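Before I ask anything, let me first share the structure, which is written out below as structure tokens.
By written order: A, B and C. Residues from 1 in each chain.
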Amino acid sequence: MKPGLPAVQIAFWLLPIAAFFLLPGYLVLGSQILIVSLFAMSLDLLLGYAGIVSLGHAAFFGLGAYTAGLLAAHGWGEPLTGLLGAAAIAAIFGFVVSFLVVRGEDLARLMVTLGVGLLLFEAANRAAFITGGVDGLSGVTMWKVLGVFPFDLAGKTGFLYSYAVLLLIFLVLRRVVDSPFGLSLVGIRENRKRMDAIGAPVNRRLVAVFTLGATVAGVAGALLAQTTQFVGLDTLGFERSADLLIMVVVGGTGRLYGAIVGTLVFMVAQDYLSGINPVYWQFWLGLLLILIVFFARGGVLGALEALWKRR
Amino acid sequence: MGQAIGVLFDGIAYGSLLFLVSLGLSVTMGLMNFVNLAHGAFAMAGGFTCVLAMTRLGIPFLATLPLAFVVTAAIGAVLERFLYRRLYNAGELDQVLFSIGLTFMSIATATYFFGSSQQPMHLPAFLRGQFHFLGGDFGVYRAFLIGTVIVLTAVLGFLLTHTRFGAQVRASVDDSTAARGLGINVDRVFSVAFALGSGLAGLGGGLGIEVLGLDSTFPLTYMVYFLLVVVVGGVGTIKGPIAAALLLGVLDVAGKYYVPQIGAFVIYAAMIVLLMLFPAGLFGKRR
Amino acid sequence: METPVTAALRTESLSMHFGELAAVNGVSLSLARGARHALIGPNGAGKTTLINLLTGVLEPTAGEVYLGGESITPLPQHRRVKRGIARTYQINTLFANLTVLESVMLAILERKGFGARWWRAVKDYREEHGEAMALLSTLKLAGDANTRTAELPYGHQRLVEIALALATRPSILLLDEPAAGIPAAESVEVLGVIAALPADVTILFIEHDMDLVFRFAERITVLVAGRVLVEGAPDEIARDPGVKAVYLGKESLA
């Protein structure tokens, strides 16, 4: 398989480093792409591997963002512990919600994920005295990363910081998906009945993967809060959950790299087209989705794989 | 006490409207097992049809309603024949993606032609204002709404239980394979039901301009509510969405009136709780 | 310690009602350790429902299921699998997008309790890999190891269905029409592999093909309309007038 080659993978991971030096004016967008890639990978765990369709994954992203943001806004601006705090909160919340998600049939499950996302959005909206509501949370002042690197306006520290976290977590997630646990997730997605019949405790696995996905999403949200030093309500919104779903599908589900590729394609296109005319962006995005469903279900990586096999 | 009655009345009106729009969704989700997040777009299409008919063609409001039904049903029939039909056996994700895509396209189209602001609505004089009844003041339009929905529901109920087509629909919802085995043209049942459901949604959209408002983001704003009504009520039933819609309508209005600080929070929390207690919906069948 | 008389798997007045309909009605069945036991009966007799009750897919409306001497009635399916009860489905229930090897590895890893391990790659589990290949060889599937299950011909998929059940190293194997869809010549081979399993593995199989039933079964239970009509050795069953009546006009026995 094409991306499987170590050389290709290493080249892939060197690209952001190249971008760091060659595209200094785009570092802020670059950080956003790296951060959302991390967020997208967390959704791919649920969607591409375990087969759980979630319309509310932004709930955990937002939770992580607000946790890290509030920590910093109230005096504790240490970045790495901020990430840990966000991860912990997202994990706990994810764990609790996972029991709701695991119980239902497909449709009820979809509605529960949607409901949780909307619920959290409303809560954050109403609790404006904590979250800043529609105006967002500002006053997020960050200390230096590792005590050495301050967050600069050009976004250099933010970029490398996000890159490091993304790479680290990617390496861990890759282990997870190649492991027996990862294989069992695919088994659950492919045929839940059969998984029961070989003695797998399916619900326990789903709880675990959902919690993991929530945790990683929380870390991504915290990164966003820390690098932009602001947290808006949109981090929790349905639009974010829906866009993320699209990114993962565009890239190709069930392969971590797909999430990153999809995010890259989506965000670059969005940055370019939305600036020209947001209405056009929405229209073409909708059309693209429909075309993907009918013609290119495997997304970008799926199409590349098909081409590779045919040569 | 008078206030509580007023809130109840408004809630029932709101709920009736939600029910009318969601009924089509319940039938198509029950019939075809299709997760259609774009259902609100049909309601919006109906609403805009009414607006166009009133402003460009000078047609009186009440006459635009059947027009909205027909136009939206036609759109639904075309979309079903060429797009939806191909995805009946597709996975949940595909259906979700497709319907989100359709929703985005419809919103963009609406924004392009109509802008993004609220559509102005001018009710005919005899539907405006309030009337007195047993010491309370009730909105005329809301009463009209409730009345219309009751009549429509009765007609539909009759259709479902006393016509051959209705029997075919019920059989197909219950077990489409068995229905096919009985010689029922299930595909045709799907098409007609989808068109009817879309038409009803369009009708609801037109009726709802006064109560729910109408702007180009309508499908996204109300998507949750329609889905909620159907899933909590019970997919594929009529009783279910009636109960869920009325419950939702009253809860929402009461919530906004008595505890405005919490707002929609209550609705979503209630939905999650109800889904946990009744995973197949209040009146749903356990498949 | 169990006395030799304790059945490997036993049901006591097991019933499954769906509303008014009793799909399984007061069935008391006993499988001796190492049995080669066939379950036959007309369509709709409740055979698959009985297997669903034995494996824990369904909860009975009355009656008990005993494994060894212990009641397992409250246990869900995956726990019963851990206790050694495995089954195959009448309709292939497989992992379409996984390769045959991956599917079998999955079953083996679950059995060994490695299913939750997340730090080592599946391909590094050499011992389990070897076991998987050995199992595939006994079922003549070794050549299909790296093929996606969805791309296999139906007969091979049926064999994968059996491989998955065997991978759990069951002490009790419940097979729902294992030969369905496999050409006659091969089905004898397949049932042969199954019959050749260690003597302490207890096997119950549902079959419609009477040739196979009389070839491999040591005991037969006839189920009609949810009740046990008669149970006994193959030649007793072949002679039983009640059984003949049920099958009259359908298939000839033996």
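The working rule: a residue touches a chain if its C-beta (ideal position, glycine included) is under 8 Å from a C-beta of that chain, and two chains touch if they have at least 3 such contacts.
This one's a predicted model, so the numbers in the text were calculated from it and none came from an experiment.
Enquirer: What's the farthest chain from chain B if centres are computed as the mean of the Cα atoms?
Expert: That would be chain C.
Enquirer: When the mean CA coordinate of each chain is compared with the mean CA coordinate of the whole protein, which chain is closest?
Expert: Chain A is the most central one.
Enquirer: Please work out the Cα centroid separation of chain A and chain C, and write it as a whole number of Å.
Expert: Here the centre of chain C sits 43 Å away from the centre of chain A.
Enquirer: For chain A and chain B, what's the span in angstrom between their mean Cα positions?
Expert: 33
Enquirer: When the C-alpha atoms of chain B and chain C are each averaged to a single point, how far apart are the two points in Å?
Expert: Measuring from centre to centre gives 48 Å for this pair.
Enquirer: Which residues of chain B touch chain A once you look at their complex with the stated criterion?
Expert: 29, 35, 83, 86-87, 90, 92-94, 96-98, 100-109, 111-112, 220, 224, 227-228, 231-232, 235, 261-265, 268-269, 271-272, 275-276, 279-280, 287
Enquirer: In their shared complex, at which residues does chain C touch chain A?
Expert: Chain C reaches chain A through residues 55, 57, 77-79, 81-82, 86-87, 89, 93-98, 102-103, 105-107, 109-111, 114-123, 125, 164-165, 167-168.
Enquirer: Along chain A, where are the residues that touch chain C in the complex?
Expert: Touching chain C: residues 175-176, 178-184, 186-187, 190-191, 193-194, 196-202, 204-205, 208 of chain A.
Enquirer: Chain B touches which residues of chain A in the complex?
Expert: 47, 53, 55, 100, 103-108, 110-112, 114-116, 118-119, 122-123, 125-126, 238, 242, 245-246, 249, 253, 279-280, 282-283, 285-290, 292-294, 297
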